[in-house]
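As structure tokens, the structure follows; a few thoughts come after it.
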Amino acid sequence: MKKKKEKLAFGRLNLLRGDTLNSSKRIKIGFIGGGPNSFIGYTHRLASRFDNKFETVAGVFSTDKSKSKKFGISLGISEDRCYADFLTMAKKESQRSDGIQAIGIMTPAGYHYKIAKEFLNRKIHVICDKPMTATLNEALLLEKVIKKNNMVFALTHNYSAYPMLREAKYLIDNGKIGKIHLINVEYPQGYTVGLKKNEERNVLKWRLDKKISGESMILQEIGTHAYHLMRFVTSLEVKELLAQVDTLSDQLTVDDNAFIILRMQNKAKASIWVSSAATGGENGLKIRVYGNKGALEWFQDDPNNLKYTELNRPTKIITRASAAVSNLSLKSSRVAAGHPEGFFEAFANIYSEFADTILDKSIRKNKNNIFPGIKDGIAGINFVSAAKKSSKKNGAWIKLKS
Amino acid sequence: MKKKKEKLAFGRLNLLRGDTLNSSKRIKIGFIGGGPNSFIGYTHRLASRFDNKFETVAGVFSTDKSKSKKFGISLGISEDRCYADFLTMAKKESQRSDGIQAIGIMTPAGYHYKIAKEFLNRKIHVICDKPMTATLNEALLLEKVIKKNNMVFALTHNYSAYPMLREAKYLIDNGKIGKIHLINVEYPQGYTVGLKKNEERNVLKWRLDKKISGESMILQEIGTHAYHLMRFVTSLEVKELLAQVDTLSDQLTVDDNAFIILRMQNKAKASIWVSSAATGGENGLKIRVYGNKGALEWFQDDPNNLKYTELNRPTKIITRASAAVSNLSLKSSRVAAGHPEGFFEAFANIYSEFADTILDKSIRKNKNNIFPGIKDGIAGINFVSAAKKSSKKNGAWIKLKS
Amino acid sequence: MKKKKEKLAFGRLNLLRGDTLNSSKRIKIGFIGGGPNSFIGYTHRLASRFDNKFETVAGVFSTDKSKSKKFGISLGISEDRCYADFLTMAKKESQRSDGIQAIGIMTPAGYHYKIAKEFLNRKIHVICDKPMTATLNEALLLEKVIKKNNMVFALTHNYSAYPMLREAKYLIDNGKIGKIHLINVEYPQGYTVGLKKNEERNVLKWRLDKKISGESMILQEIGTHAYHLMRFVTSLEVKELLAQVDTLSDQLTVDDNAFIILRMQNKAKASIWVSSAATGGENGLKIRVYGNKGALEWFQDDPNNLKYTELNRPTKIITRASAAVSNLSLKSSRVAAGHPEGFFEAFANIYSEFADTILDKSIRKNKNNIFPGIKDGIAGINFVSAAKKSSKKNGAWIKLKS
Amino acid sequence: MKKKKEKLAFGRLNLLRGDTLNSSKRIKIGFIGGGPNSFIGYTHRLASRFDNKFETVAGVFSTDKSKSKKFGISLGISEDRCYADFLTMAKKESQRSDGIQAIGIMTPAGYHYKIAKEFLNRKIHVICDKPMTATLNEALLLEKVIKKNNMVFALTHNYSAYPMLREAKYLIDNGKIGKIHLINVEYPQGYTVGLKKNEERNVLKWRLDKKISGESMILQEIGTHAYHLMRFVTSLEVKELLAQVDTLSDQLTVDDNAFIILRMQNKAKASIWVSSAATGGENGLKIRVYGNKGALEWFQDDPNNLKYTELNRPTKIITRASAAVSNLSLKSSRVAAGHPEGFFEAFANIYSEFADTILDKSIRKNKNNIFPGIKDGIAGINFVSAAKKSSKKNGAWIKLKS
């Protein structure tokens, strides 16, 4: 009782994540990709350091061996474990008694499958950046390799790891908004506005190459995030969709905007809007879910608050780690209510849960991981494929493969 | 110079609307509809009183003569000018030397045309609630009567009269966001959520009757507002659209949600979402317009602020009546920056501009009224018709009639 | 039951203010002050028109008779009831059988008492702009005249008439935040920033003259608003205060900023900050009240929402006219939830309640008017006097006269 | 040129913090305090891991040796470097060739000086939690030890390390708001509301003991943060202050609210309000600074945005890491604009800068560290002392020692 009071006064601190490991057996991890000047590389490595559950011991940071070494050393990795190609790394590491137990992959999507396969087959767990693959075929092959080896696979759809987004999921799964009939997800960014023809490749790089980044820039890059968020929060699957995917900028060769209308399997209707053509937009990911008893709204710009409205009642602003939240979101929090958490904390949650799942066999058996996995990756690539197909057919309804 | 400073210090007050009329010849106005307990009746009458440009002298407030009289008297109208049917009113008023010069109509849409016709043909100007008519045919007939008689016709799409929405139009018309390529309008309300089968008629009343309210509840009721706002702010017309119009509540007979994707004549793409199924939603009308040089965002919940973002610059919050606004929006303002204006002030702008246009023949010649008129009404009904048609054809693209 | 549902769906419309008067006996009102280019003149007249409870029939709009006439006529007043001095008006109007029943006064504060006295003594009710008087002596004399004649006196501290501010009062008066221990009121404006020495008089006009505007520009102008709001919302009185009142701009002769710390009679502590030196500030009036069971926050920039936090619960956003509000605030509303009301609606509430009190003798007997009156006016002048005194004594504690 | 474009498109990523060290000589750090269930312990350790600049190798986590060992091991520390008292640790570590180069201290304030002294005298750099000491005397003694040994000392006033707060400092230091005349800082928390008499010690722990936590709970705990923020952002020092420091809760023995009015050395006026009695308040730290050319506002609840208003111009929302920011704030950022950073990122900035200063002798010579140091700690304790003194003297003005 007193204990409860104490937690409330300073925001239920005792329940938050820590950086200790009883076993003291930190997971040895390596990374493929994310070399110098890579923001996503820094992000993955930081996420792995966050809760002190991993030890970074190997990596491929460049196809140029001396560059890879130089960078690896600057990260604190031994020279002999800085590799220039992933196959050598997979072989060598799997032969060491102190070899890596997990690998983080952050290359362009088209390389994910062939890299992951080598590690999975050598019983090394994989955490992989999104989008999962460039093609549906690769996604399905990846699923087989994972199943065959029974390894842990995490996909870093990081937005789904924000505590208050998870609180939204919790409230929905527990019937707090009743039966869902309407969903809206929007993700208006502006990162391609103003790019001139001759600047496109310089900025978008491999994203111009469909073989390694998939058939749609905008859908692979952020559409998969939006789609995963919708499925994650609502626990609903999509039956069919129609889409209008466009290149709104006359300076670009890739698509930069998509409007999608979706029919859910429970008969709810949904819409998704993703864009890099929303001039001035930074990262405006927002999800709104409406049920017959209430509604929820979450906005990545204000990620520590969740708006919850019960029918005919005032909207409540539920704050992260406050007395009002469930254990589901609390376990994803690290600091007391009122102190903002952000992008890295959410990203780190996936790393921590990936670690917990590797370390605790009871979690692995469960299979109901809170973090995104292979099924989510396949769903995402299916979505991209269906949306592109619909758009090419001038907005025809396309059924999602299940 | 000093004068300018003075204006700035207290918000450029001298330029704001007043309640004086040089001629002292206030416009005599009557009303059809808006009897006891009618919110829209109060709104129209208040709007007419706002700037002291009208004198309410006649009306039909009930088809029961004694009720109409009782109510009219309570408004300050002479007993003999309280009528029980519009035709008698039109005839009698047009015969008086001090008869009404203008009529405000706020009956269900299906009656608008036949009422308006009687007054227009007797040279009485009309200000009419939206949606303009129940059918396209009535809309086109109305246009003919207006043209034939050369009268002033105003349609109360009141949201377009918010000062900062007009500031958005001003900035767009003056190239401040460059060429528009992307538009998003949303209007998520929740007013039908939770209604039981047996309550629908009690609440939605004539809106259940397609003959008098048109073929779509949600599109007529709020879709026309959203559509007008988009056309008004951007000065763009729509080429074609596809729509998904649904009845998401299993308790309703009318539609309650629509997702619409639009192709503009300038090749921009747009989406509109209107709903009365957005649980807990009050009146969340929002418009975002993206051009190659900048973007604008306006939200009816915060109507005195306009977000303006130039490419690669910080978003500016332009406030109503501040030093930064144009004369276009300033003329639509009444109080200094920082003092909120709201729904009624916007509504009253249309009444005031309707009055100005009646009184000043030079404005009438111009034809470029800032307030919505017959063309906007026709566009709205066209939109409703096209969206319903597309939805029935499972999302086929439908061209808008021009 | 059905009735209740209906009200909720469209925002409890039936309970909102109307513009009808059963008796059809509108109150004849005149105005002193508020001539051409006066914003506050327009505001008072508009407020009187809002709910159709007054008829404007007389006024003094200039000391130059021809100007007063010209302006009065443009407002729709008969030429013979446009006066050039208030004494003539008081005499003439009190002699007419159709003479004014009420007078609105919006001259500088130093004239309020002597004008009001002439009308009160002739049994004409008074509604008066704030600050009430220039000196405490005038305030006390005014009180005597009001009591002697038993007339209705309203003071337009308009912010206290915002519906959601009244909802705050309702929640506090009904114990919803427990015992109050802490209050914060702030009112940071920026209207004097940037004024040069030679522009001060041009902008601030009579406010430079202590005889007619009182001993402190900033405290009279906005300090009295903040102070009234605090007393109104909390139903608490102040025991003593200390203040630091400054002229922060080196270009001004009047004070432009005040920090005040207050000890309430119930032992709560409070602080008030009012300023015209808050660069860029428009009208940021905010009040926060903390009790041992909850807290309330209201901000004039967002006047239709009230934040209500119960201890250890999520903050609720209570919206105007929603299902959650009390009748007290609902009666002060005119439009459904989600449609913004603003400055004028609040101002008009005081006019409507002033009218209701004149018309209904049972309300007059009650004496517990919701609108501000003579006691509030006296309290305000006492506050200004105490704060200035404290500041001159370098922050000494000064007891408030009760 | 192309390079610049690229940075803008994805938020100027290349300039952001990384996790590499050219020398690969990470700093060996130990910690005193922050054992099991300590939130601040986790925070300091995480901050040290953030940018991969430290290696945690030693610590005292409990005065019980077995507990300290158990916890240290779970963090990955060798058993023999888990100590039970700081003096033993200081001695042993200073004798090792691979001993710690830096120590993080997060015990109650009253122990800081005597702990820090032992390490400083052994040439080990110190990063220390706030408040710096319990008494002014300890603060001055600490200063001497630091100077004598010429070591780096950082004080974790973490709020000052938020990028946009630093952007505010940059804009002020570069004259962008002109001469400052007015400052307002508020920090309303609610963490002691609702605590019963018998719960106070359980929750506030050592904070009840003035010997180890100083003479004011509220001023030491959060007042020092607010005061440092004001000095940091404005680069102004305080001349004198008056304060009202109260225990508003009748269940507490410590103070829980303070209102402070300040006169700055440049003649600006300021006010600070800090509270743990603001029911429902989480961590509402806000600072507003007004100059004769503009104003700035920053709010910890929305830390990635800074409001900047130039006189008579629209308020700009400057976002973290956007094209508009200076290098000063950019260097404190890690992720592209639109992805929220929060509490931990700010905290980690201090750790990173502490490391940079240790590693780079040219920075150490400069002495103008961006992170808070000994002078800030002394200023904070001086502030607490002056405010308490003023309050005891019923609000007398107290000069700050310089």
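The letters A, B, C and D name the chains in turn, as written, and every chain counts its residues from 1.
We adopt the following convention: a residue touches a chain if its C-beta (ideal position, glycine included) is under 8 Å from a C-beta of that chain, and two chains touch if they have at least 3 such contacts.
All of these numbers come straight from a predicted model, not from anything done at the bench.
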{"item": "Identity of the chain that, by mean CA position, is farthest from chain A", "value": "C"}
{"item": "Between A-C and B-C, the pair joined by more C-beta contacts", "value": "B-C"}
{"item": "Whole-Å gap between the CA centroids of chain A and chain C", "value": "54"}
{"item": "Averaged-CA centre spacing for the pair chain C and chain B, given as whole angstrom", "value": "32"}
{"item": "Residue list for chain A, restricted to those that touch at least two other chains", "value": "281, 312-313, 315, 319, 322"}
{"item": "Touch list for chain D against partner chain B, complex", "value": "8, 308, 312-319, 322-324"}
{"item": "Residues on chain C engaged by chain D in the complex (per definition of touch)", "value": "177, 181-182, 184, 186, 188, 190, 193-194, 242, 244, 246, 248-249, 257, 259, 261, 268-269, 271, 273, 275, 277-281, 288, 290-295, 309-313, 315, 394-397"}
{"item": "Sites on chain B touched by chain C in the complex", "value": "2, 5-6, 9-11, 13-14, 16-22, 24, 26, 36-37, 39, 42-43, 45-46, 49-50, 52, 71, 73-76, 189, 191-192, 195, 199, 202-203, 281-284, 300-304, 319, 322, 334-345"}
